[in-house]
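In what follows, chain A forms one complex with chain B and a second complex with chain C.
Right, the complex of A and B next:
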């Protein structure tokens, strides 16, 4: 028995990959639903986006790219869906990100807009990419249009006939909340965007760096946070609870991915436990061997 | 099937690239390395174009060219030509490649480091000072509630003061007083020809005060009396009855319409008007109450403060944000947090030799707490990596295999 357990200490990595692929692949083929627990930071973020004052817009810094789309795509989709189902206007831009970030964001915006009848220029504007953080962060807070003189489609931001939404977007005071969707959002936003700290800053980040942001939630520097795919799935659940059938969750990824994620994590946990048992068993075998020698 | 291939060949290319990259899991191979190089090449090429199109061209090139055009008689400001200096400084970086002129590149490097250091200094203060403050957590329920702080004393008013921009107009029995509301500076004071009968009305540059002899018209900026409007003037109104409550206007948008200020004789109560304005606070909960030295005539709120008016004196109160009502679990969390801070700090404190059972135990505990923290980091790392794998798996199953399956067997 001990010999068998000791073999668990050296499970080949390819075996783990195969188990992982099978466990994570099954939920894609057989639909499975798991109950969701909504975390406090996700609810705070949802509520902050829901409270929109008249004539204000939601601002989103969409800095995700193909490298982080596994976690940031479902988050961004959920945030955009909330804005669109609410008919809350929003602006999107990217700062110091991968050049494809505005393109990825626009793909999601256009797909969701078809579901909710939203129109570019009136309900949302994609301002494209800029560089130079953290100085640019402060500049965006002072004057959005001075940083983004034209949008992602090369329409001047002063052209109010094509972009009527930009008429009411001047500076940070016109933001009802500010989202940063990124693998690891830059904490400089907290310092530089709004020196008066009036605008709630919300992060949608990958799980890997989320532990580092919790102290900022506790201190109130961040008002909410969506962590990884799990956070996106929670957000979708809240959207469904709030808007019922008005919320169209077809094609959204959060809840689709969270079940395979749970299965995959389970496999990892099982192998961690098995590996530890294997190590203990191997040591015991070695100890026994010494005694018999 | 031809239609399928026409529409889906990019998906096949993507699927091939994904699988080629994942072959690394089996072992390092040439296909994986080719894919990696292709990806880096495409990314760099794309970056160069976007950098020029979205950043350098609109934000540097166009203003500079417009500046030069203005110098030679074109429209616009000639100052834009100064952007050329930015280009020159940027080019200095490339002098690193020359042995003779490499020292000039230090100018550009110095400027960059200087800006970076300044920004980092500001950034570290802005990020960490609130963290230090937050590390002082309540470990037991507070004995006293938060109270509003008086930031300015203003004149009394027998009618609710009228707010107009940064000014407030107070009415006594026979005087009208204009005050700068947040600073408390008195701008002018005008004596009325007869007893006032109601609050001030502002009409553009003119201030109207109803009085027994008619509506007195006063210049808003100087306080000079302009005249009395007698005919069909407003009827004398009785003294105001019970003052109305006011919704507290906070600077934080998430508190909008969340707190009501209710005057009651010579005190003000703040009650929540909706659930969740602070953690554990529900509609109708008393957030704080404060006494005022005389019966309150009116309560008004704007921009994070409340204007409390009495017949003899008014005051500007800075209204405290609603405090969370902590539960036993919250206090437990706070204890854990404070103990963790102290223990981990003792672990990292190297200025003296750790002696004594308390210090050694705290230090050891700090090491364990750090390990638990790193464990949480590791768990999140696994979750993120798994999400990235699942994203590609979803692509392969939903976008590549499933449509192909349907195309073959439909």
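Right, the complex of A and C next:
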């Protein structure tokens, strides 16, 4: 028995890969829904986006790219769905990100807009990509239209006939909250966007880097955070609880992707425990061998 | 080769000095500033004259979204002329500027086609001699204002005539002092917990704490500094592509082992440029077929595939790394397992049977506590350490003591 357990100390890499592939693959073939526990920071982020002040817009810095779409796509979808189902106008832009970021964001915007009857220019505006952070962050806070003179579709941002939403977007004071959706959001937003800290700043980040943002959550500099696919799934649950049938989650990914993630994590945990049992068994065997020698 | 290095050192030093001074120099001149609590204010006003027409008076206050904007001709980063909004304190009598009021939506036209209009907000707008209606879409003058249009009122190329910077009654040490602002005085609204910000007189309310004084000009040039930064960043991208192009060209000429991978580099560059240059299929929409294909079907798929491999490597690495070798390793493994399990739906599934009374012992709550308390304490220490190191490194870069970055 001890010999068998000791073999768990050195499980071949390929065995781990196969188990992980099976665990993460099955939920894609057999749809499973798991109960979600809502974390405090996800609820705070949801509530901050839900508080809509008159004549203000939600601002989203969408810096996710194909590499991080596994986690950031469902987060962005959930935030956009909340704005659209709530009829909260929003602007979206990218700063120092992959050049394809605005296009990825617009794909989600256009698909969600069809569900909720939202119109480009009136309900949302995609301002495209700019560079030069952190100074650009401060410049956006002071004047959005001086940084983005055209939107992603090359319409001048001063063209209020086509972009009536931009009439009410001048500076950071016109934001009801500010989202950064990125694999690892830049903390310079906290420092440079609004030196007077009037706008709630919310992060949607990957699970792996989230631990670094907790000091800023506890200090109140970040008002909320959506962590990884798990956070996106929690957000979808809150949206369904809040809006009922008005919220259409048919194509949303959060709750679908959280299941393979959970099974994958479970496999890793099982292998970690098994590896430690193997180590203990191997040490015992070595100790026994010494005694017999 | 000495002069390029000297230029690099000089530019780095001046740029660094600007940002340091921007942070440490106060917004108003010390010794010439006054601080107090606002009792009342009289907003700034000025008159602007166009040709032989009588001067038009303007007051810098928000009257139904009709605050006058003073626009001064400037050039953008590409050298194109543009009109930039400028504070009154930066334009003196005799300066030429365009004065713009609005925007507002036209509800109906009254009188002649260009005389008066009623805005959607019910406010009556009419032109004074020298003013014109300007279309918001193109900022070109319009001859006929029509219902539904969004318009500005503009007085183009006007000469600023008389300037009254306004005044404020301040409470200082229990006394009421009427303070008249100077031509270049800036008003900084102060708050207890946050940095002060520049405001206009009409934005101040009774009870606000304010500081008046001659402006130190660093803050006024932040946008120019931001544009400079943008140009440098873009140039860096260009240099990066040139450098990569040279490396791969050399590979193609010398043909060492694996030279054919350089072909993919040039193919990717050509495809990327073609995708970026592709015209918008339907003007005013985001649809670009070739670009969409490249992004959604090629880049997204390849990037996701590469990134998803990480999951397998991480699983294998976690299996090897989390071994109980001593007390600290056991602690780390225990907390890692709790956080991992707490982050999945299984965490609440396994422990929610304990009921609400013992919810503090649910795995997600224990995981949250680990992240919010011990993790936060550790990260704060780490941030202090990193920042001290970053400060020392920044100082070395600024003074060009880091020789590898200054061309050596």
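One rule holds for everything that comes next: the second predicted complex is superposed on the first by the 293 of 293 C-alpha atoms of A that agree within 3 Å, B and C clash if a C-alpha of one lies under 4 Å from a C-alpha of the other, contacts with A are read in each partner's own complex, and residues count from 1 in each chain.
The working rule: a contact is a pair of C-beta atoms (placed from the backbone, for glycine too) under 8 Å apart; a residue touches a chain by one contact, two chains touch by 3 or more.
Small disclaimer: the values here were computed from a predicted structure and weren't measured.
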item: Clash or fit (per the criteria above) of chain B with chain C on chain A; value: clash
item: Contacts of A:24 with chain B and chain C, given as first, second, both or neither; value: both
item: Contacts of A:176 with chain B and chain C, given as first, second, both or neither; value: first
item: Touching partner for A:207 - first (chain B), second (chain C), both, neither; value: both
item: Which of chain B and chain C A:48 touches, first, second, both or neither; value: first
item: Touched partner set for A:279, first chain B, second chain C, both or neither; value: second
item: Chain B versus chain C as contact partner of A:162, first or second or both or neither; value: second
item: Partner chain in contact with A:228 - chain B first, chain C second, else both or neither; value: both
item: Partner, of chain C and chain B, that touches more residues belonging to chain A; value: C
item: Contacts of A:107 with chain B and chain C, given as first, second, both or neither; value: second
item: First (chain B), second (chain C), both or neither touched by A:261; value: both
item: Footprint overlap on chain A, where chain B in one structure and chain C in the other make contact; value: 17, 20-21, 24, 68-70, 99-100, 130-131, 135, 196, 207, 210-211, 215, 218, 227-228, 230, 261, 264-265, 268
item: Contact set on chain C toward chain A in their complex; value: 84-85, 103, 136-139, 149-150, 191, 193-195, 197, 222-223, 225-227, 229-230, 233-234, 276, 280, 284-286, 291-292, 295-296, 299-304, 306-308, 311-312, 314-316, 318-320, 322-324, 333, 336-337, 340-341, 343-349, 352, 362, 364, 368, 371-372, 375-376, 379-380, 383
item: Sites on chain A touched by chain C in the complex; value: 11, 13, 16-17, 20-21, 24, 34-37, 39-40, 65-70, 96, 99-100, 103-104, 106-107, 110, 126, 130-132, 135-136, 138-139, 142-143, 146-147, 152-156, 158-162, 164, 167, 195-197, 207, 210-212, 214-215, 217-218, 227-228, 230, 233, 258-259, 261-262, 264-269, 271-273, 275-276, 279-280
item: Chain A partner contacts - residues on chain B that touch it in the complex; value: 25-26, 43, 46-47, 49-51, 54-55, 58-59, 115, 119, 122-123, 126-127, 130-131, 133-134, 251-254, 256, 276, 337, 373, 376-377, 380-394, 397-398
item: In the complex, chain A residues that touch chain B; value: 14, 17, 20-21, 24-25, 28-29, 47-48, 51, 53, 56, 68-71, 73, 98-100, 128-131, 134-135, 149-150, 176-177, 187-188, 190-192, 196, 198-200, 206-211, 215-216, 218-221, 223, 227-230, 253, 256-257, 260-261, 264-265, 268
